[in-house]
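Next come two complexes, and both contain chain A; in the first it sits with chain B, in the second with chain C.
Let's look at the complex of A and B:
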């Protein structure tokens, strides 16, 4: 008897402390040195991307006398094959990289939320078809699937956003569906149904805000993954095409100058890795925090 | 068991059908047509020329007929002909297959060796420090795209030290010693790209049995830690890790496309990139569907194998969660797939 009592109070206690901790979700997510660093990195990168046109307005100025110079006081990251400052070019490229990744993330969330909610709400064969399709898309290696679309549509930045958004949406659909299904069995949804609210109103006005944190975690991871796939596509020459340049494009060109000009490949490569790592760290932390909260 | 088998085979087939439809819809329904690329070079392309080419390639037939021809051909092993080189697609793939297979098999073996060492040694030595270093490397490896790993290796081993060639391919028949020299960096790159997820998976399943009561019993009987690990922990931990093999193969297929581009490795990946540039739909649709089929079949085999080796899994997935102990980390999602972070992206 006494053991079952302590067990009961043990399981009740975390609930209360979680409820008490809830206001400081920011602290829970950003409270470790790792996530704080990652958040700092993201802020710096976004600032660089935003300020690129102001700080480096002459990134495209060709300087034939300064071709492929190694890093120096004047050019921290060296220069490219046309004598342009690599740091300036990378700042502008970061802008495009982030723009494509954020666009893809936004599209994947919109598509995925509708996809998952419709599946959860309709059930039966609609759900079966929708979720099997999601599984199918996830079964093809992402880069190959992206290549199918690149073959059909080409690869300007807008098209890349659409392609990456489509490829990343099944993941959002999957978590949306499973969290929505949990919500749909809860008392407040049953109450609202009894009151006579329409199904789409319940789904998008009442349920969506409750599943949103879970979606936010996946969305953050989708940014990282979109950057990865876009950079891969650009690196193999089927993503962002010159004269436009993402970090992947710079890396591709830099790699072709590798034997002599190590900096041209190294710095874009490191930049891509750091950006992906930062978004990954935040996304994973968010996911773990939400897991613990729901457990 | 039979109903489980039929169910799994059936759902795999459904998945492949959906994939084939998606590929086909993307290539045929969306704007863009291979004839425009093929005929773009010559001036004064007549409507007749385009119509002729479309008829020759079978693009003038109804879409459903085209789909049926493709899929029925695919099943019987007839992949059709390239739109441009006029070779059979199967012949093109056959030419490139040895390079890709040697790369992916070498990478898989290397990755498994790396992963087992990285996951087991810290446990064997009970070293928190080693574990931390492994975890840091794993996190870095997960964030680093394949081509970044490749470029760093090229910078170090080819440019700085000059030990290995930075790219190229020599077949084993021609010169085995040279072939291996050319294979080392690409295979190492690909293996380092997929090793982190293998390490995570292994760590998770080791962690799960490490504190199990039978391990405590073994220790209590006076068996040394190393013998406990090799005799009790590993045999029980390696089996659950087997399920990650399907995902690993998927990452291998995607990763090889990029690795081949980094090292000018004349495999299937280069074939696809070339085909995308030329809009050679016949090649693209076949290679992508083949890759998906390999992934689905490997997943299926692993599942069935696992079902044979672990009877608890022969029930429906919904009951599976209750019957089998839930892996600690990485946790499986409700659908039995790895959570987002554990799936390598490329």
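Let's look at the complex of A and C:
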């Protein structure tokens, strides 16, 4: 008897289930009006940020004759205290805001993934130390934490990225650790151990891709949160310093011109709100989708 | 039969206060299929896990080819890894859901044989055909396969590095009866072809009877008896073994067809 005659019945497998499942992950996350709008907003904002130097090359040109003009056909969002077009300045500020937030998110993911995976893989006292450290960092209010470091290290965008990245990494570490622990007890990890694959290769090549969707959800929420902390720091004068400007910096300066020049504070504030909301909507949706799938 | 390939003596495992395996001893001869049966929670999977050095025994010794392996470090164990492989119960979760079939089967090949790309693919196709699949499956993902197909991929992966000893831990319990029969035949054919030795862990007595040469019966962590198949399925067997056989669905069905339903309720 040859072994191939056993092929028979179970080779005509159900294929449709998969074909339907792959794209539906996208559809499930972006399939509601809210998340679709949020995704649209993010695309538009990223485009504005990317195209800012091309569309508004003269954002820094001072025009003494046009100081603090209210919104008009020539200046949609009005002008600032030096006569610069506020829309152009906001486009450039959005670029810096997103750069800092994305940088912080990337750093938080790299740190947090290694942190969480090492904790999950080693267990015992290593895990205790790592996770209690994460708890300790998360227990300190973010703004306070950032304040201390900005006061010590000064504030330029790089320092902000590093600080925000460190602040947000314990959250990634926690999520990574718990998901990794679940994966490590699964059958396929047993199988790979029996095959003789080393622990670190199992962790980073086999388990990490499976944990990644959950990390992506946290990362998205981290972008929103990083934008908020950066804007708060900039608003109290400890974040991005002029002549550089993030949306938070613009809000701070606009706030001081609030009597009489309502647009100067309003538009940056609106922009910050909309961007944070957009990332939050996507992140929360992603989180809920993954929760339901694993339940 | 020839000498023992795998031998355990006085194997004991505690999980906290619970003694999962209590002083278990048996030897598996080269080329045979050794059955390990018992109820759920009787400790049979724990023994399998300790044999593969996935779980450290609390006490006792494990020998493979006469060499003690239960106290080896991960590195010292590496050469033994390719000689003993495992096929698990749940066919789908025992494969990484994000890897294609060719990567799943190719991994041990790359790891132990260092085969380069082209030759590796040839070998993977050869293995797929061996287990009754074809090259069409190379770039499929586990969720694109049926349970039976996943189990075949699992078997192909296990065989890829030419092990001598295969632990089949409830390997056919999760697939339906028709496919169960196909997989069991496949396993028998592979055993004949490559002279494999099997440890067959199962709660299904009909399957064990079909597959195994010798059988160990476990209850609550203890091994009650180790006998040839024919002795296990005979009145000479241990009291518990006979109760276990009497309680299996096949014997119940046989009884139901010969006795009136009213008397069924009186029988234990």
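Methods note: the second predicted complex is superposed on the first by the 272 of 295 C-alpha atoms of A that agree within 3 Å, B and C clash if a C-alpha of one lies under 4 Å from a C-alpha of the other, contacts with A are read in each partner's own complex, and residues count from 1 in each chain.
FYI, a contact is a pair of C-beta atoms (placed from the backbone, for glycine too) under 8 Å apart; a residue touches a chain by one contact, two chains touch by 3 or more.
Quick caveat: nothing in here was measured; it's all calculated off a predicted structure.
Applying the stated contact rule after C-alpha superposition, one finds that A:39 touches neither chain B nor chain C. Between chain B and chain C, the partner in contact with more residues of chain A is B. Of the two partner chains placed around the shared chain by superposition, chain B is the only one that A:147 touches, whereas chain C remains out of contact. Once the two complexes are overlaid on the shared chain, A:196 sits against chain C while remaining clear of chain B. When the two structures are aligned on the shared chain, A:82 is found in touch with neither chain B nor chain C.
When the two structures are aligned on the shared chain, A:210 is found in touch with chain C, with no touch to chain B. When both complexes are overlaid on chain A, the residue A:186 reaches chain C alone and has no touch with chain B.
Once the two complexes are overlaid on chain A, none of the chain A residues touched by chain B in the first is touched by chain C in the second.
Within the complex, the chain B residues that touch chain A are 11, 14-16, 18-19, 22-23, 26-27, 30-32, 139-140, 142-148, 151-152, 154-155, 159, 166, 250-251, 253-255, 257-258, 261-262, 272-273, 275-277, 279, 281, 284-285, 287-288, 291-292, 295-296, 299, 331, 333-335, 337, 339-341, 345-346. By the touch criterion stated above, chain A contacts chain B in their complex at residues 132-133, 135-145, 147-154, 171, 174, 178, 218, 221, 224-225, 228-229, 231-232, 235-238, 251, 255, 258-259, 262, 265-266, 269-270, 272-274, 276-277, 280-281, 283-284, 287, 291. If you check the complex, the residues on chain A that touch chain C are 1-11, 13-15, 17-18, 21, 186-188, 190-199, 206, 209-210. On the chain C side of its complex with chain A, the touching residues are 52, 54, 74, 78, 81-82, 84-86, 88-90, 93-99, 107-108, 111-112, 129-134, 141, 143-149, 152, 154, 157, 161, 178-179, 182-183, 185-186, 189-190, 193.
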